[in-house]
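You will see two complexes here that share subunit A, one where it goes with subunit B and one where it goes with subunit C.
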Partner chain A sequence: MEYKILMKNDIVKLFNDLTNDYKFYAPTKEKGNIVFKEISNPEEIELNYLNSKIPPKDVLFPQKETIFEYRYEGKDVIIEDRKDLDDKILIFGVRPCDAYSFKLLEDFFAFGKVQDEIFLKKRKNSTIIGIGCNSPRHSCFCTSVGGHPFQKDSMDLFLVDLGEKYLVEAISEKGKNIIQKLSWLLDAKNEDLQKSQELAKKSEESITTKFNFDLVTKILGDNFEHPVWQKISESCIGCSSCTFLCPTCTCFDVIDENDEYNHRGRRIRIWDTCQSCLYTLETSGHNPRPDKIQRCRNRIMHKFSYYPSNYNCLGCVGCGRCIIACPVNNELRIIIDEIIEIEKKEESEKVNA
Partner chain B sequence: MGIESQNNEIQNKIREIARDLLKEKKVDVIIGYKKGTLPLVSQPIIIDKEEDIDTLIWNNLCYVNLAKYLVPRVPKLIDPEKGNLKVGIVSKGCVGRALIHLASEKKINLNEITIIGIPCNGIINRQRIEMEIGEQEILEVSISGDNIIVKGEDFEKTFPFEEYMNELCKVCKIKSPPSISKFPNLCVGDYQEYSSLSTDFKDVTEFEAKNPEEKWEYIKDSLSVCTRCYACREACPMCYCNLCFVDQNKPIWFGKTTDISDIIVYHLIRAMHMAGRCVACGACSSVCPMGIDLYLINRKLEKIVKERFNFTSGLDPDILPPMVDFKMEDAEEFMLEED
Partner chain C sequence: MPNPYIPMLTKIKSIITENEVNDIKTFELEFINKEDYKKFNNIPGQFAELSIMGKGECPIGIASSPTEEGTIKFTIKKMGTVTSEFHNCETGDTIGIRGPLGNGWPIEGLKGKNIVVIGGGFAFSTLRSLILYVLDKKNRKDYGKITVIYGNRNSGEVLYRDVLEDWEKRDDIKVVLTIDREEEQWTKKVGFVAAVVKEVAPSSDNAVAVVCGPPIMIKTAQNELEKLNWKDEQILNSLEMRMKCGIGKCGRCNIGDKFVCIDGPVFSLAELKKLPKEH
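Entry: the complex of A and B
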């Protein structure tokens, strides 16, 4: 395997060399928040960040997306399909947890007979340049969901932040092609590799939030009805911060917006959330998830019980965004502890009996 | 007295009163705040056991308006047999105002509630601190003297509390729940006479001096990052509609996207619904995951209502709020006003 070195000063060069071939997305600061946006000026790229507020999922599966547009011509309706789906996309600076989320998104959008062409085409046309996570937050727990702060899944190029420079490793064919194109990249030395390994180890050790999710999945399977859900949903105010900032949430709503005056319209999809009162509301007026208790349960069940049974993996990448975002601190770590507690209580009851 | 010792005193008082209320069975449950698991948050809790009293805290991060849990009542406040439980609620000024205002809208019965009144000393502007610290993880936040001390692994920063409290707290004149003479047993602990409220709105004059284009730019710019997670709405004690206008879908009333026009429609129509109802708690801004501060919109509304109707929300449960009431002499010239 060939390793290269990219000096941080040369990010501008990298951008200039790649921007003609790709729509170049990178982390940038927008009103104080780190978000992934299409970059037109390399000065906008923010290299000093823990992780983005809104996950890079937003690039491939944006909060609002046009499925197609239509216009009336006399009695005919002309449908205009998306023309930008073949554009090459490059996402620079994706953290390992978020890169792994792309795999989960692919699984979802390719699940069953119906293939989501829009997402899958975009994913196929995208190149991911990931950067290892040198300083995970205390709320991060990727190592508990099968991840690692230096995991390279779903990436094409993997970068390690060595201070003034990045160690560059090609993971896929796409990545190798980029390295070839950027012929000016420097060669890496042994000490760079060594430093990278040290950083990976240090980073992994700094993750202190650890869960036994096998146990959680097992407990959830047996406790759909349990008083714990009452407790878990008690302080939830029912906003959608946790789901809207989640890199693995995929629910969307489809809406037709008709512009009668201009004889045209569009079919769009927007993020939906299981925390909304409209989410499972049926036309009859019946709502199988009428209260926060069922909605909170659904979010946890979906990620840690339904995902394992449907996709054979957890529906969580351990980024901890929901932990930080919850405005009433009804956070995942507490929720998981409560769930583990169910088993502990049962065990101790058995012993006492 | 420093803020830290004020907080300790308030916290002790909360625990003392809460313990007595539960012991004497004057209330069945207490709604209060618990220490958060992250440095810039607190956790609302509902306790029904005396042994949990010591988890109740007071600090300058108790930003959630606890009145939210009463309309509609969360399940823990209702007994399947007895019906509505008697609730004690830790109340800074704006929580007290929310309760009184909700009573004026006939949403709660004050006889079922005991207000544990405390003199709030202001809430930290957590969003602003987070933004200014930027991309470093905050591990500890404390108050020392007049300063907020924010610590991380390899940094320590000091923010003057006066400057870094919520904008609405800076101009707040009702620190404790307003006294209601008609309900002498409603409030235990601190309450505040509200006869001497000032009508000073200097903080909005800068905004008012802007021309319409500049105002529009300000609104557009400050709301542009909204994800429409509706945390502001869900945290607002006055947002209790069964179905929000923005959720109307048979047919859809307003666009649901994050296009700036749809975002603005949501926020400005919600603002209209807050006229004469907002109790200036600032919870909407404190909970926003994107750090949007709605204080200026809320303050401007407060000013308009004060000037036109001489009304301040949340002071008297028997005075109907101006948007609920109608008087023949109500001025209508604003229909044609330019700004």
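Entry: the complex of A and C
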């Protein structure tokens, strides 16, 4: 394994060396939040952050994206496919949980007979430079979903913040190529690796939010009709922040944006959410999930029951964004506790009986 | 693999008004690129995503049978934005189509079986496809007795009169038509579909029932079948749910961990009973 050192003030140099080959996305400060966006000036890069408000998922699966364009010639229609899917993308400064979300998204969009080539092509053409989390947030729980604040799978290059410098590790072939290109990177010393390991251990220990998701998945499988869903959904105001900020949520709506006067337009997809009553509302007026009980239940079931049964993994990366975002504090930690409580009650009833 | 959201292009070849109140029309489509027709290759019970560029896209069951060579047909009721736009279309207009989608009726599994088709109202389109398929010269010998029970609110709502007349003339298919209330000139059955199922009392012996229609009709007809000793595995339904992509990506047509668009739309009653009641 090859380890290198990137001095913090050399980030500009890294950007300049790579920006010609890639569309360079990085965390930046915008209106008090951290946002991943394409940058042209390395000064914009902000690496002193816990995590971005909107996950970097939106680089590859944006909130709104064209799926094709069309134009009318009389009654005939000419369709134009997207031409930008072969662009090389680099996403710099991705946290381990979000890097893992790219793997989940890739598995999801590749699932079934028909694959989502729009996402998969972009994913194939993207390079992820990730960074370990020295100080996870109170709401982080990646270690409960098989992750770790220093997990480097699903990344091409992995950085560890050592204060004045970053330890750089190539994970994939793509990552090795970048290290070769950045021939000016310094060699790492043993003490750098040691420090990195210490940081990893300290960081892992600082994560206090812990769930037993095996148990949760098992309980969910037997309790679709349980009255707990009434309680769980009671305070939900249906704002959908939890789903819009989730790095693994993939639901979208498809609409046409028509430029009637110029006889042309485009079909786009936009993020949608199972927390909206319109999401499942049928033209007849029938709605299979008419109330928030069903909608709140669907989100939890999808992540922790349907995902395990369809893809053999949880549909959650433990980033904790939904916990922070919930405006009524009806957040995942409370919901999971309620679900675990079902089993505890049953156990105690058995004992009492 | 190409962009899966790009439709193949077709032209409307003909439009037939199917009912008296003129809110159900059958559209016959012709592929602009003839190769696309060969690729299409649907089986009965599948659906497609139809679109009018600038207006939107919606899932519609395929009404034509693959045995009706060279043509594909869709019966569309004027309901929402896109379907209403279809009703404003003329022959020669360009329609986008993605498909065929979904699992369709199990035409292989039905081989050697007696088939009881129970349909109500406008949900008859994919049943039309199935019946035409099994009645086809090449296929007829593979299937047993065929019974069709088809109900409508009134005689003006009866779809596909031309093929129904053909079927009534044949001796290898039993067709029972019913309407909800008596009408002058109507010589066939009167009464709800469930009552007619009770009266016809189709045998469950080596048979499969294919049931499509409004939820209340499906429920009552299934109750009658259960009384006649039909098992849940022998009863097939085709579900409808709101859909966008039709390929298991946009998310909204899930019932539990299944997607109606890729795992369905055809489910046996036994399969449905295992899923949450969320459809």
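The working rule: the second predicted complex is superposed on the first by the 351 of 353 C-alpha atoms of A that agree within 3 Å, B and C clash if a C-alpha of one lies under 4 Å from a C-alpha of the other, contacts with A are read in each partner's own complex, and residues count from 1 in each chain.
Following the convention adopted for this analysis, contacts are C-beta pairs under 8 Å (C-beta built on N, C-alpha and C of every residue); 3 or more make two chains touch, one makes a residue touch a chain.
None of these values were measured; they are calculated from a predicted model.
Annotation: superposed three-chain arrangement on subunit A; subunit B versus subunit C shows no clash, the two fitting side by side.
Angle at subunit A between subunit B and subunit C, computed from CA centres in the superposed arrangement: 90 degrees, to the nearest 10.
In the overlay built on the shared chain, the residue A:109 is in contact with subunit C alone; subunit B does not reach it. Of the two partner chains placed around the shared chain by superposition, subunit B is the only one that A:235 touches, whereas subunit C remains out of contact. Contacts of A:253 after superposition on the shared chain: both subunit B and subunit C are touched. Once the two complexes are laid over each other on the shared chain, residue contacts for A:41 go to neither subunit B nor subunit C. Contacts of A:117 after superposition on the shared chain: subunit C is touched, whereas subunit B is not.
In the superposition on chain A, A:212 contacts neither subunit B nor subunit C. Looking at the shared chain after the overlay, A:197 reaches neither subunit B nor subunit C. Taking every C-alpha of subunit B against every C-alpha of subunit C after the fit on chain A, the minimum distance is 5 Å. Touching of subunit A by both subunit B and subunit C, each in its own complex, is seen for residues 253, 255.
Residue ranges of subunit B in contact with subunit A, taken from their complex: 36-38, 41-46, 64, 68-69, 74-76, 130-131, 134-137, 139, 224-225, 227-231, 233-235, 243, 247, 249, 252, 255-259, 286-291.
Contact residues of subunit A toward subunit B in the complex are 30-34, 46, 48-50, 53-54, 63-64, 135, 137-139, 230, 234-235, 237-241, 243-245, 253, 255, 257, 268, 270, 273, 276-278, 291-293, 323-331, 333-334. Note for the complex: subunit C touches subunit A at residues 1-7, 9, 11, 51, 53-57, 79-80, 83, 92-94, 96, 215, 240-242, 244-245, 247-252, 254-257, 262, 276, 278-279. Those residues of subunit A whose C-beta lies close enough to touch subunit C in the complex are 67-68, 70, 72, 75-77, 79, 81-82, 108-109, 111-118, 224, 250-256, 258, 260, 265, 267, 269, 272, 274, 279-284, 286, 288-289, 294, 298, 301-302, 305-306, 309-310.
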